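By written order: A, B, C and D. Residues from 1 in each chain.
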Amino acid sequence: MADLSQTAPTATGALGRGSDIKRQRRIRRAIWYALILAIVIWCAMVPVRDGNLSIYFAFMLGATMATGLNFVAGFTGYMPFGYVAFYGLGSYVTGIAVKLLGIPVYLAVPMGGCAGILLALAFAPTLRLSGIYFAIVSLSLAIILQRSIALMPEEITGGSLGMNIGVLTDRIQGYYAMLVVLVMALLTASWLAESRLGRSLKAIREDAEAADAMGVNVVRSRLYAWLVSAFFASLVGGVQAWFTGAFDTFTAFDVLVTAKAIIYAMAGGLGTVIGPVVGTVVLVWADELVWRAFPELNSFLLGLVIALLILFAPRGIIGTLIRRYPRLRNYFM
Amino acid sequence: MSWTSDPILVVDGLVKRFGGNVAVNQATLEVGRGTIVGLIGINGAGKSTLMNCIAGMYRADEGRVEFDGQNLIGLTPHEIAAAGIGRTFQVPRTFERLTLIDNLMIPMLNRPESEDELIALAEAGLAEVNLHDLKMNNGEELSGGQQKLLELARVMMLEPKLILLDEPFAGVNPTLCTLITDKILQMKEAGISFLLVSHDLTSIYRLSDHIYVLNQGEVICEGGVDDIRDDPKVVEAYLGG
Amino acid sequence: MSILRKATLALAMVSIGALASADITMAQEPIKIGMTVSQTGRFALAAQSGERGLQIWLDDVNARGGIEVGGEKRPVELVALDDRSDKALVPRVYETLIKEEGVDILFGPFGSTLTGAAANTTEQFDKFLMIWSASADSIYAQGYRNVVSGTQLAASLLGLPTIKAMHANGVKSVAIAYLDEPFPAGIAKGQQAWAEANGIEVTMVESFSTGTKDYSILIQKALASGAQAFIPTSYEGDQMIIARQLRELDANFDAVGMFYGAQPQFLEIGEDAEFLFSQTLINPKVNWDVTAGLTRAEMMERYEALFPDAAYEPDFQTALAYGAGVVLEEVIKAADSTDPAEMKQAAIDLSGNLTVMTGPYAIEETGKQVSMEFVVMQNQGEGNLEVIFPPAVATADPVFPAPAYSDR
Amino acid sequence: MSSILLYNALIGGLVFGAIYALIGASLNVMMGVLRVVNFAHGEFVLIGSFLAYSVFSLTGLNPLAALPVVAIAMFFGGVAAYYLLIPRLRYSDDAETSSFLLMFGVSLMLVSSITWIYGADIRPVNFSFDPVNIALLTVEDAYGKGRDGKVLVPTARLVALVINLAIIAAMTWFIYRTLPGKALRGAIMNRDAIQVVGIDIDRLSANAFGLAAALAGVTGVILTLVIPSVDPNGGAPLTLFAFIVIVLGGLGHPIGALLAGMLFGMVEQFSNVLLPQSAAQMVGFVMLVAVVMFKPEGLFGRKVMR
């Protein structure tokens, strides 16, 4: 094959000719499921050994949000800066269902998830926007939703003090609920990555027009990703309400919630399944250290990390590793 | 008046305007089943616009596009792809962060075969264009010429009846050119029709069964290779421009 | 200036910590108190102002050898962590305080917004929470068992002195505007209810959201509503802007109530701050006969000694936190324990039997503070602050109606 | 409702509209020439405000004395920031989104730096003009029976408006009448084509970034006259307003941004009159979403710029 030798890269020969793609997928899957299992065991043990639930909760929340955001940002290339809208809606629907309607919290949280899907359907027309227009409109919609909830009667949404369902819910249960949602999100991510839908989403992310020309139904695939993504954010919002018991329009619609989800996912590597988890582990841990040691520097360092990531490792930890050592593609989902 | 008795694609009176500019003006052409039809013209003649109208990326303002008896106007690109028209792009548009295998899996998303069968098909497709060794590499790791090959292999996975080839030889070294030419001829043998847009008149003349010349959005003449080569209007369009 | 201030504060904390740890080696195991202090964000200024008050109490109590529990004097140690003014972070930090720092008793963060989140956590872990700055009535309506507001009056009562003072001067109509956050909203609603119950016509009630900077239309609307008096309630920075815009628009009301108008920073803005009805509970002219802790004058002295480089004089946040520290000390002594249930009972028993620097202490069963009323102050020109209400402690008659801006 | 409110809304609309126009115009230069989605734009404005505050509190001079200092410092700061940040963005997969996130990170760093230096609280800029306001006309019975009202312009706001309009005029002249300005406009319209005619796009971009930063800083100085306080957390709303303005006006459309700024200022003021203040603060966002969804080229734009 003389014609190849003069051109670009040498074949990595990662698996060599005739080697099995299925085997490689098995390895990746085994590593991934082992990781999920490790997370489950580790996190499930925290209440048993009377550890600090909040930190692990923050990790699980971050990993779920980052994974959920990855469905739409990593797999289709949209940057929903108003992602927090779904999270906030989930919190409020859960809170109202528990407090006003007396619905048990384990039913209220899925209701919040469904409300998220409805909201995502309502916001679906924004998917025809691209790039920065989408990001800004998404952010504006989140702000509009926040202000609308703030304007609602105090008897329903609790007004400026927000809602407090702490006395009605159990925190340890909320902790385990978060673990369940995290595992659901991780399993969905790995299923999606290997499914035909996931493959079409990645093609859309790379080049929507070309994907269209190759027979991919761009609009429908994007919509599915959008709905799944919104569903998880709303569940997380509901579980957060369950765990902490208190939230208001500021915390439930804080743009930093979106920003952290984006940053965690990016730090690990958008578009990979394992990336958001890795990114969350690293950054939550770093945040914990920084917060204790240099409280005043916290948001400066957060900003610095974002800037450095964008400038020097735009594909995140996993993405950069894979780019440098393509062989790793065989091990990371 | 029709040069072919069995057209697979009929474009009739197609008009596409951008604001006040008429990019394609009353273009009419046909592609016979199992033939290669060349479309030539200088830069800005409207070739790519015409292609994009057929593929559904642009919506034509007037006119008719019929493929195998089916009206294509108003269909989206993926519906047109499903109907059996594949295309390549002037500048190759590989899915850069997908492996070559996955690149070839994309056009087969709607096929009923099992995952294992699809993988086998994709591997075979890569072998066809001598890219099998790179199957686990990402699209972005290929050279420009290799990307042209990959696009060719990818469009084959659609099992198209007609392929719109946009500048398949641009920026490709002579060795790869030969490989691509061979591939096109092989596919033609297999019964696939082509609409071929190229600057490279030599290749066009070598491959085409029939040629249309586009100038300022209009088809100014058509005919066999020999007719076109000597047509004063073509010479004028290319030189007098 | 600010960096310097923080550096001094850090130094002070380190030295206090060193003192405390020196004590540990020879004395009893310390009573550990945990709290969060906003180092950044919108509550940073007030939270740090309060922390200084608590440090004064800590310094004092340890100088006296600590608090006697079970016949032994135990020193007191404070563990303060940052909450970044972030409500979402507060539960996490309080859990860290309880789980990792092993504190016995918790002190609230600044403000109703953060305290609401902290109380959920302390309740879950069954710890006693001493609140010093959260006033929102809704906190005390949650059914918490172990919370007590040591010094901060409930919001529904907190703003009443202003409206009462206006009533006493014959105000017949008032326009109310407030920032839509628990503390200002609580104050405004309390004032509105009292006004309506006492025959003052409320001509306008409007809320605005965080980040509002231009109040000109709001001020015009208040004028147009025909109100004789105007009470815009928000945090200090906002109120300073409103004061300026009132003058710029020549908006002459007979009286304007601004909660923070007597704060040291507020007075720095000069003539814009004149003739406002403001509230405070720390003023040289207000001196209670304390039954526990330092008197106002003593506290001021200690402040000077401990924080010689602090940018500002002690304000009512400092006083509230200091007072809450003293109340906490009394509660522990009375309960003779750090058990939350016993402390809560002791806190209820002490109600009505204790006067600290900020005034007499009285709570309801829910832990809601119902005493410690603020006094109303007026800057009668050139920063000359006078107490104008209640009459019992008043040092001057109010200037009412306030002179028009054009006549000042 | 009293007509006096409408007069005042009109004045407020002019003053704030001109400020929004200027913020929008500077962001427009960045987005148009550089395709940099500057999410830290509000903080750039804040830097100007805080510098003005420093000049005022150190010297007691009119904050406007800070104008030249701010303009020059921000220009060179902007050029330096350009070389530090922007060229590397070319290596990312999606330069536009990357710039958005990068500048978000920068905005976090700026806010916490400002907080570190100045403290977290809102500080008044305690400067006032004499007379403090100018009466334009008197409306009889404006506040009910026998209570006349005056339509007033605070002097500070009038001064701010005049300076603001002068800067806008100068900028329009620069863009339409001078060679560098025309190059800038050319770069907005077609970044690739301009390189062919022999313009060093890197230098042009750096200068454009510097110019936009300087304009943002100058806006911040003017802002301290209109709202005499500085707030380290005040940047984010300004950023959003800037985006609202340029999207309304049509991305990369220099005059569109000016008109949209004025329009947005008016809409904001009049909705404050007609709606409760807290509901009025939503109107701008609703307007933005509506325009993007139904007229993505902007109210004054002709063609969508991708």
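Throughout what follows, a contact is a pair of C-beta atoms (placed from the backbone, for glycine too) under 8 Å apart; a residue touches a chain by one contact, two chains touch by 3 or more.
Bear in mind that the values here come from a model prediction, so they are computed numbers and not experimental data.
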By mean Cα position, the chain sitting nearest the middle: A
Chain pair with the higher count of C-beta pairs in contact (A-C, A-D): A-D
Geometric centre distance via CA averages, chain D-chain A, whole Å: 33
Whole-Å gap between the CA centroids of chain A and chain C: 40
Separation of mean Cα positions, chain D and chain B [Å, integer]: 49
Whole-Å separation of chain centres (CA-atom averages), chain C against chain D: 37
Multi-chain contact sites of chain A, meaning residues that touch two or more partners: 147, 150, 296, 298-299
Sequence positions of chain D contacting 2 or more other chains: 93, 112, 115-116, 236, 278, 281
Contacts with 2+ other chains: residues of chain C: 40, 180, 209
Contacting residues of chain C [partner chain D, same complex]: 1-3, 5, 38, 40-45, 85, 177, 180, 206-209, 211-214, 216-218, 220-221, 223-224, 226, 235-238, 240-241, 244-245, 247-250, 265, 268-270, 272, 405
Chain A residues touching chain C - in the complex, by the definition given at the top: 50-55, 57-58, 147, 150, 158-162, 164, 166-167, 171, 244-248, 250-251, 254, 291-292, 295-296, 298-299
For the chain D and chain A complex, residues of the former touching the latter: 37, 85, 88-89, 91-94, 96-98, 100-102, 104-113, 115-116, 236, 240, 243-244, 247, 278-279, 281-282, 285-286, 288-289, 292-293, 296, 306
Residue numbers on chain C that touch chain A, as the complex places them: 6, 39-40, 81-82, 84, 86-88, 91-92, 95-96, 99-100, 112-113, 116-117, 119-121, 123-124, 136, 138-139, 142-144, 180-182, 185, 209-210
Chain B-facing residues of chain A, complex: 1-4, 6-9, 11-15, 17, 21-22, 24, 196, 199-200, 202-203, 205-207, 209-218, 271, 326, 329-330
